[in-house]
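Structures incoming, each one as structure tokens.
The two complexes that follow have chain A in common; it is paired with chain B in the first and with chain C in the second.
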Partner chain A sequence: MNPRGPLTFALGLASALALGWVAYPRLQYRSVEQPIQFSHKIHTGESVGMTCAECHPLGDDGRFAGLPSIATCEPCHTETQGTTKNEKHFVEQYVTKGREVPWLVYARQPENVYFAHAPHIGLAHLPCERCHGPHGGSDQLRPYQENRLSSYSRDIWGPSATRLARAEWEGMKMTDCSACHEAHGVRESCLTCHK
Partner chain B sequence: MRFEVTRRDVMRFAGGAAIGAALSPMPWTLTDDLAIWTQNWRWIPRPSKGERSTATTACALCAAACPLEANCVGKSPIALRAAGGAQPLCSLGLTGHHLPWHPARITRPQRIERGAARPASVSIEAVVRETARAMAAARSGSGSVVVLDSRPDRSGSWAWQRLLASIEGAVVVATPGTEGSSLDALDALSSDATRLTTLDLAGARTILSFGAPVAEGWGRLSECCPGDVTLVQVEPMRSRSAELSDHWLPARPGTEGVLALGIANTLISASLVPSSVTESIADFAAYTDIVARFPLARVAAITGLAADDIALTARELAANGPTVVVAGEQPGGGPLRRSDRVAILGLNALLGSAGRIVDRAELLSPRAGEPLAPVARLESLPGRSVALLVIDASAGDVAFPWHVVDRKLASSALVVALSPYLAGTARHADFVVPTAPFLEAIHEIPSSRTEAAPALSISAPLLPAREGAIDPVAFVRMLASAGQIDLGGDWSSTESLARERVARIHAAAIGSVAQPSESASLPVASLASADELWDALAKGGRWTGDRAAANPERRVELAAGLGVDLTREVGAAQASDRTLKLVPRAARETTLTAVVSPVLSKLYRESQLRRSPGSATLSPRTAAALGLRNVRAARILTAGGSAHVSLSLDEGVMAGVVELTVAPDLIALGDAARADHRMAIDLLTPAADGSWSSIDAELVEG
Partner chain C sequence: MESAETTLARYGMVIDLDRCNGCGACATACAVENNVPPANTSATERTGLTWLRVQRVSNGRQFPQNRAVYIPISCQQCGEHTPCVSVCPQNAVDVNPETGVVSQVPARCLGCRYCMAACPFHARYFNWFDPKWPDGMEATLNPDVSIRMRGVVEKCNFCHGRWQAAKAKAAANGARDIDPADYVPACVDACPEKAITFGNLDDPRSDAARASKSANAFRFLEKLGTDPKVYYRSDRAWVRRLADADVTARESEASRG
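Up next is the complex of A and B:
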């Protein structure tokens, strides 16, 4: 049998598999570094001992206050804490100048989604880790990955291209929200999240 | 060694690559990303960002005027819900804040040339010039001028009447199928034809509804009959009101009047009509003669209902009074035949509810003592007599077959529509003037024909009006100035006229305002200024005035208004054994508006929770009899034309009946308008009295 036929076929197969599994996932997202590095681990660890809610509180009206403003950091960071380059940059460029840090938010939902933290934390008593995973214990901020076509954060689809064998907090697509709602017997309608 | 790439190599490589690609996540993630990419094009509106706030106003999308609270971000409403303890908003109201961004929205005047692929933008001056020319021609006798008003009694309606007062024969007519228009038949019962009558629904314990979507918001019945009310719904199809009723009587389409006479027969023969009632009926003997021709067995055979059910219903109506019998507009099906309505509404007199047929107190107009063109009924206009038709759909639309109006138009008639959308009735116009939709402008919601007391709500804008939107009252002014008609006064906008009306109500110190979050109503006399009254209304309050004084002299005539078709034989022979009764079907909220939200669009087109436009449903038995059991696509033929429909089978549909989904149409759901777009509702050929609630049709494969 002339092996040329199967070989050509295999070559096509291998090229497409390589493209689909290796090259495309890299091309799909562009990586952007966060403006500065930040260690959640130091802040939530034993030495500082802060909780998530101290920097990301729910407002009086039940609304999630989002990212902490520079005013939240100021009391401890008017002077540099430690000797890292990052800390020096943070204090000089942001705290001293009163500028907000333009963080890139991994979990930012697209504009057509209105997500309310209040019912999830206040009523459903979900821990932050249910959706954000071990982010609160991270020592480094990974690069923010933005989908080149949809401009969504990679965290919406989740880190795995196949979405198989994921941890429960990996992925924030509508189907993920619905699956959790269904599992908890929570009724939903289109207008719950899309206004 | 030379390696030559052959065509076969390319094919093998491509085959391997195709399989390899399918085994990788690439095509699946790419499809997802591309779908999202198409949702994020530059021209797709984005929710604004900014401070969160709430605002209260009234929903202007139907006559129910539900008070609503809007959650706003950056001054744009992002969610609507019922204000205070009011009843929940319907799906149209709940998604009302999406409508200003509907794809069919227009902000420039449009000219729709017959046969042209697309409408063209024109200047407002050109529209005014052409309309004024047609008005001038009508004044010199070339035909009449008619304004079709989808929400009568607004200040905008008054402005049209004021303009038309100077044109001989010009009239304002309510858009066919406007809610409450079925009650016009009450006037045929009253011995005093000079007064407008309606039904007093307050305190009723039983409601017998013939086709009125009472459980879907029709006629504000929920407010009128608090507590324990029994609803008996007569309707050939399993509508939402039928589902929610205590008893559903699925009478064959077109036999509702006969059923009413059958009920009357039982009431009279079982001596359930008190003598005090018979004395208030001027022609009781003649009526009894007619009714005697409708014994239960015959009525049962005609309507398809069991004789026992009819008798039981009649007894329950008499025993569980006060009873009100309403004939309403089936969503998409408009009013029943006039003679049917007379027979139905006449039951009110027979059930001792003569006091319930009351004079309808009129709402104060914005200005007193000015000449106004009369309000007429469309059926009363001679065929082919209208030279200029203005469709004022600025306050909402009504789904009706265009033929109802078209047959009144002269061959060279000019049709001008005012609408925020190039959709609904406006699609039939030669020119469309863009107006501001709900939430972008002041909209008045006056009492409808179903209310005995005058009432008024104001829907205040929560969004800035988009550039290009024309105020309907300003358009009236432009026409007056182009036609050199002196309208007097300095009113120039809907708001200025509406404020004048509110000032008149305040000055008269009549009625009170029910506010969404307060349990007690606020008497108008307690408000210091007209501005205070305006503010209370603009925040979702509803002003209600005094009812007309009881009219002890009123006598009713029940026999005179019954049509020949009812008093003679009913149910003409079928044209052929393939002939079906076609009944239009729609949810109420989709027939009151030219467009619906994209959320509802998903519901209709993707979820199969609601029947999609252009779908026909019949029972498996009927399908088997027609040889259509396994057919999914069919053609429906009526005297009005033919159309392709998707066919589905449902045990709940009556034998011999085909239910056709007539609203929302594809444009309402957000599809681009095409010149050849045919609305399913236009298949319905109206009867001589303008009704189209059921017609003959055939279904063939293909």
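Up next is the complex of A and C:
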């Protein structure tokens, strides 16, 4: 037997795995920068001290407002707060002109998915971090990663291609929703989460 | 397969055929609510999408004895041996254990149309064409209902988006049970004759439960044993006899003139 055989096999296997687990996921997603940078940390920190629900409220009618409109930012940001270029750009291009910021939503689900925040907040009493991670303390908006084939956000699958050793909040796939539903005895059928 | 015994609620409706004047407002409201695209120019009665259609049936007599009845027909939400559920090879159809509503998940559907063959009420429709709206009309689409692509089956689900909204409203206030007034399908809302009564058939206080038990209430093809949750009622005996009408019965009626 050729002594180089096993070595060639091992090298081939390693490169094939690298291709599948590292190169392909990189190819699969394209990174898009958010229109402007935003620091959750400044807003939730001690000097401002806002809560999640102040900008992302759940209405009495059960509709979740999602991202805040420019009207929510306006009371504080009619004048430039601080000296950063980003802030100047935000005030000049969006607040003054009354234009909405075209944010890219990391957690946006495919169109055939129905998700209501209301039962998860009002009945299950889940904290926001359970599904969205602790981004309330983040200083930067990471690039939005869009699947080139499906155009879905990478957050739906989660950042790890292997899904091994992932954090509890990573991934918003059907199996992730279902696992939690099953663990808590939620009676579900297709129409519970699909529309 | 889930069956009626295990559902938390059994939503159903009672349609008063003596009140229905065949105006078709229910069918229009249904199409608008559920993002059903305008019919393709080459669509026929069989290839179009009509989750709710109004059928005109005559008593077959000559004038002046001729009478007609308009029968709105949608998915009858069978609770027992639900034919479409048992034939679907894709698990794209199930009975919602919370509402008793028979679902259809277009994203899972592979378009074999076995369910359409199995449905005794011809209440299922296949997308033969790409859904297209006139320019600008996309802005009026209902965000609570996904649009379906060519090649999949769709049908009435008692405006499930409205049930979801009612449930979200209740949950936002910490309640598990919805306010019945918050969940009314579009056809019921639109009917100018108030001919359709909707509600939980298992809740003895609901108007629908009461109306479904009235003496002149009936269901179509009850003999098949599929336990439909859409009831009809009429004081006219010949209309009630339509419930189990089949081809042989119609032929013998026709031969009687």
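Definition applied: the second predicted complex is superposed on the first by the 186 of 195 C-alpha atoms of A that agree within 3 Å, B and C clash if a C-alpha of one lies under 4 Å from a C-alpha of the other, contacts with A are read in each partner's own complex, and residues count from 1 in each chain.
One rule holds in what follows: a contact is a pair of C-beta atoms (placed from the backbone, for glycine too) under 8 Å apart; a residue touches a chain by one contact, two chains touch by 3 or more.
Being a predicted model, the structure only gives us computed values, none of them experimental.
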>> After the overlay on chain A, what do you see for chain B versus chain C, clash or fit?
In response: clash
>> Once chain A of both complexes is superposed, is A:151 in touch with chain B (first), chain C (second), both, or neither?
In response: first
>> Quick one: is A:32 in contact with chain B, with chain C, with both, or with neither? Answer first, second, both or neither.
In response: neither
> Thinking of the overlay built on chain A, is A:167 touched by chain B (first), by chain C (second), by both, or by neither?
Replying inline: neither
> chain A residues in contact: does chain B have more, or chain C?
Replying inline: B
>> On the A-aligned overlay, A:122 touches which partner chain: chain B = first, chain C = second, or both, or neither?
In response: second
>> Contact-wise, after the overlay, does A:191 reach chain B, chain C, both or neither (first, second, both, neither)?
In response: both
>> Between chain B and chain C, whom does A:58 touch in the aligned arrangement: first, second, both, or neither?
In response: second
>> Which partner chains sit in contact with A:114 here, chain B, chain C, both or neither? Use first/second/both/neither.
In response: both
> If both complexes are laid over each other on chain A, which piece of chain B (1-9, 271-279, 307-315 or 451-459) hits chain C?
Replying inline: 451-459
> Overlap of the chain B and chain C footprints on chain A, residue-wise?
Replying inline: 63, 111-112, 114, 190-191, 194-195
> Can you list the residues on chain C that touch chain A in the complex?
Replying inline: 2, 8, 92-99, 101, 103, 105-108, 144-147, 157, 160-161, 164-165, 167-176
> Of all residues in chain B, which touch chain A in the complex?
Replying inline: 8-9, 12-21, 23-27, 29-30, 32-34, 36-37, 39-40, 46-47, 52, 71, 78-79, 94-95, 97, 599, 602-603
> Which residues of chain A touch chain C in the complex?
Replying inline: 58-63, 111-112, 114, 116-119, 121-123, 187-192, 194-195
>> Residue numbers of chain A touching chain B in their complex, please.
In response: 4-5, 8-17, 19-21, 24-25, 28, 63, 110-112, 114, 147, 149-152, 157, 161-162, 190-191, 194-195
